[in-house]
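Below you'll find a set of structures to go through.
Shared chain: chain A. Partners: chain B in the first complex, chain C in the second.
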Partner chain A sequence: MEPPKIWRERKERYLGIGIMCEDCKKKNFPKTRICPDCGSENVKPYKIAERGTLKYFTQIMNTGDELVFNTPYVVGLVELEDGIKVTAQIVDCDFKDLKKGIKLEQTFRVIARNGKEGLIKYGFKFRPI
Partner chain B sequence: MSEKIGIVAYGVYIPRNRITVDEIASVWGEDANEIKMQLQVFEKSVPFPDEDVATMAVEAARNAIKQWRGESEKIGAIYVGSESHPYAVKPTATIVAAAIGAEGQTTAADLEFACKAGTAGMQMCFGLMQSNMIKVGLAIGSDSSQAKPKDPLEYTAGAGSAAFLIGKQNVIAELEGMYSYTSDTPDFWRREGATFPSHGQRFTGMPAYFDHIIKATKGLLEKINRKPEDYDYVTFHQPNTKFPLRVAKMLGFSKEQVEKSLACKYIGNTYSASSMIGFAKILDDAQPGDRVLVTSYGSGAGSDSFSFRITENIEKIRDRSKTVQYYIENKRNISYGLYSRYKGILKV
Partner chain C sequence: MSNEVYIIGTGQTKFGEFFDLNIGDLASEAVSKAIKNAGIGKNEIRTLFIGSTVSNSLSQSSIGGICTRSCSLSSNAYRIESGNASGAAAFHHAFLSIKSGLYDVVVVLGIDKLSDYVQNGTIEKILASSIDYQWEYEMGATLTGLYSFLTQAHMEKYGTTLEQLAYIPTKNHQNGVLNPKAQYRYAIPIEKFLNAKRIADPIGRFDIATPCDGAAAIILASERYIENKKTHSYKVKILSSSVGSDTLALQHREKLTELKATKIAANDAYHKAKLTASDINLAEVHDSHPIGEILAIEDLGLVPKGEGGKASVEGLTALNGKITVNPSGGLKARGDPFGATGIAQLIEIVEQIRGNAGKRQVNDVQYGLTQNVMGTGVMSYVSILGRGEN
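Let's turn to the complex of A and B:
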């Protein structure tokens, strides 16, 4: 949880800013300097869709210290309305009620806290609509 | 006022967890029915462990922006009022700015004045608007309030957020006037480093809540030459349901005028967000031409009073974002055990 990393990744984590390739028009998240599909450096920022569908999910029971406050938590693979797939936490729901194919929307949550005195990392997660 | 300034959009957020008065009373062996009768509060909202004042402020701000449909980069001021900011030093307002895409040419600050820090932000935005220094301002009240276990506050200390975009274009609620009353009254406090707030028991009533709300509201009515009967709706700070009902009566407002705003019954006292959520609840159903009076109260102590007239633009923004009622109904009840963990009373 180094300050430069939190600062550098904030648009990615807060707003879901990935990339769109100006050459092959493919969208990707997380952002990269080079298009992972065609290798072009001609990429521009792209804001991923805020809604999607749950494809796969699992429950995490044991974690490192930074995430223990939030256990157990659900991590899922979400296929967004723009076709991009992202891995994120699924919140505001009980694990037993989750099903593949449910509709989700982005929410803004605490990702991790660095002890009692360190920085707090924020970012997007998903919740059922 | 020569040009219409006022609210152009608003949004709220209330966490999904609720704990009932019955559940808390059962832990301490107290009479739940007696407490419910006294406070007229049935349950309160509780944030998840991954929610705090910043996340709730962002959710409310995003709902307001969704309703507004404007460009976030045009927001010239962001103020977040709270008594439970996640950092002692490092602003919540910058987190909100980044999370709504408003970083850059904007001024931002955190405010603290117990439960009225959110309306203090509204006043600052109105001032900047009035002096033509910004085009749109964002004032947020957001709190995840703390209460010592077994303290009477534990029954009501809830969590929630409300965000108001203030501007001149497409105003939905025109500001007709504002007035404040402030005095140094030690009714409720939390020292640096203290986990829980302390309060002056019955002293929080007459010399604090009632005196300030009455003086601010009467001051405003006198200033703009209005009477309680000129208003369709009124909302006050809601530390419980009994206080706003009582102060309404003392000021000459009817139960019907204040009733619509009373979210506290179902979500508890949301501190800085309390009177703002009450105002949002009124706006959810208000009609063009309605007059609304809003008076906040912050311990320490002070009250800000505002008079608004609803414009025809309110019809255009309806159903663009989630209502207060949506959040009241979108809930799950939790046990005192889970509540203790979520509030950090029970530590891992």
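Let's turn to the complex of A and C:
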């Protein structure tokens, strides 16, 4: 929860910016300086798809300090429409009503809180469409 | 003369909650016992390799000097970190140091002290350090949450059931009853696992290994040293020590129905030991979550892919079944002081090969295999030990 870290990750966390490789055409998230698939330095920023499908999900009862305020919450592995997979919280739904394969869309939310007076970290979660 | 590497001594603390002992106390007990067991002098030790996930506290990450002072050693010391597999990683490097011809006698110590930290807070953060902290943990996942995805993937593809999964901790607790070093020496009926509250559905609150305190040490020696000394009554040969890797985050993997790192490590370990999976009838594997043991026995080739659950229910992996898996009680019943776990697995195999395993002794042990996993399988270490000629 260090301020420089939150600032450094702003494009990825707030805008979902990853990379697309100009050589092998693969898309990757989060960004890396060179393409993790082929090693090319010829990569450009790429905004990941905002919709996807729920692959796996579970309800988290126990977690680390910064996320405990949110428990119980649902976390899922989401396959986006562009093939990229991300891990994120699934919100605006009941765990017991969720089903694998449902369609989801990105939504901007509070991700973590550093105590009552510390920084609030924002980022993306997903909700059923 | 070839450059074979042998285990000539072992020592271990009991695993559990020891509020009155610090990291130096635990290190000292394990290392002193191992030195005594090996019958060597302290001044013969060249290096102390320490496998530790969180060491003494979040502030003293360099614990080499703490351990050498507590153990009254004048050797150099390294801390090697590979998440939950730090013990196996340290063992691998200790093995390499002798295999290379550089050293003749070294100690490897696995150690962690986790009872100082609270669950549902710090422990989950520590475990998050061996998954993708930024893009899995900070997004909401936990190690157990990710193991839930691995469990679901296996259930979906192979029809593995909750009943089959619950057989794993049930069996390991039965074995733990027979292990004096285990934290939990009692059996738990299968219904208790099945009826427990889900903490990351389908994983229940009793399914997971408990982080605790403990230390375990092994003395390794070169063939050259053993030839000169001729003092060791029972030495165990390291036939192979191998490692495989995969992506840190599950979201970057193509398949969640196997641990690729385990398959890579196992293939290399069998090849170097000139053995196949069918030669193995004893294994200590990473059962931090029930699916971990199922994936392990499948990806090590001990049972056909997809049949790990069925094999467990049929008793194939029970004590003195076709392949005894986790006779020590595994991480589940022995307790899991992260860095000490990989070393405790190896010590169990040594005790079995030496015929010192008491009531949990496996019949006809020629070889034994260990598998220790970091995170959800970003690194997996596989070692095979065998009888050394007397």
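Following the convention adopted for this analysis, the second predicted complex is superposed on the first by the 129 of 129 C-alpha atoms of A that agree within 3 Å, B and C clash if a C-alpha of one lies under 4 Å from a C-alpha of the other, contacts with A are read in each partner's own complex, and residues count from 1 in each chain.
Here is the rule we use: a contact is a pair of C-beta atoms (placed from the backbone, for glycine too) under 8 Å apart; a residue touches a chain by one contact, two chains touch by 3 or more.
Because the structure is a prediction, the values reported are computed rather than measured.
Taken together in the superposed arrangement on chain A, chain B and chain C fit without clashing. In the overlay built on the shared chain, the residue A:E9 is in contact with chain C alone; chain B does not reach it. Looking at the shared chain after the overlay, A:C24 reaches neither chain B nor chain C.
By the document's definition of touching, neither partner reaches A:C38: not chain B, not chain C. Of the two partner chains placed by superposition, only chain C is touched by A:G64; chain B is not. When both complexes are overlaid on chain A, the residue A:D92 reaches chain B alone and has no touch with chain C. Judged by the touch definition given at the top, the superposed model places A:Y56 against chain C, while chain B stays out of reach.
When the shared chain is aligned, chain B comes close enough to touch A:F108, but chain C does not. Which of chain B and chain C touches more residues of chain A is settled by the count: it is C. Once both complexes are placed on a shared chain A, the shortest Cα to Cα gap between chain B and chain C comes to 12 Å. Overlaid on A, the two complexes show chain B and chain C touching the same residues of chain A, namely 68, 70, 73, 89, 111, 125. Here chain A touches chain C in the complex through residues 9, 30, 36, 55-56, 58-68, 70, 73, 75, 77, 85-89, 95, 111-112, 121, 123, 125, going by the rule given at the top. Against chain A, the residues of chain C that register as touching in their complex are 119-122, 124-125, 128, 132, 134-142, 144-145, 148-149, 152-153, 197-203, 249-252, 256.
Taken in their complex, chain B has these residues touching chain A: 16, 48-52, 54-55, 58-59, 62, 86-87, 95, 98-99, 101, 332, 348. Within the complex, the chain A residues that touch chain B are 10-11, 14-15, 68-70, 73, 89, 91-92, 94, 107-111, 120, 122, 125.
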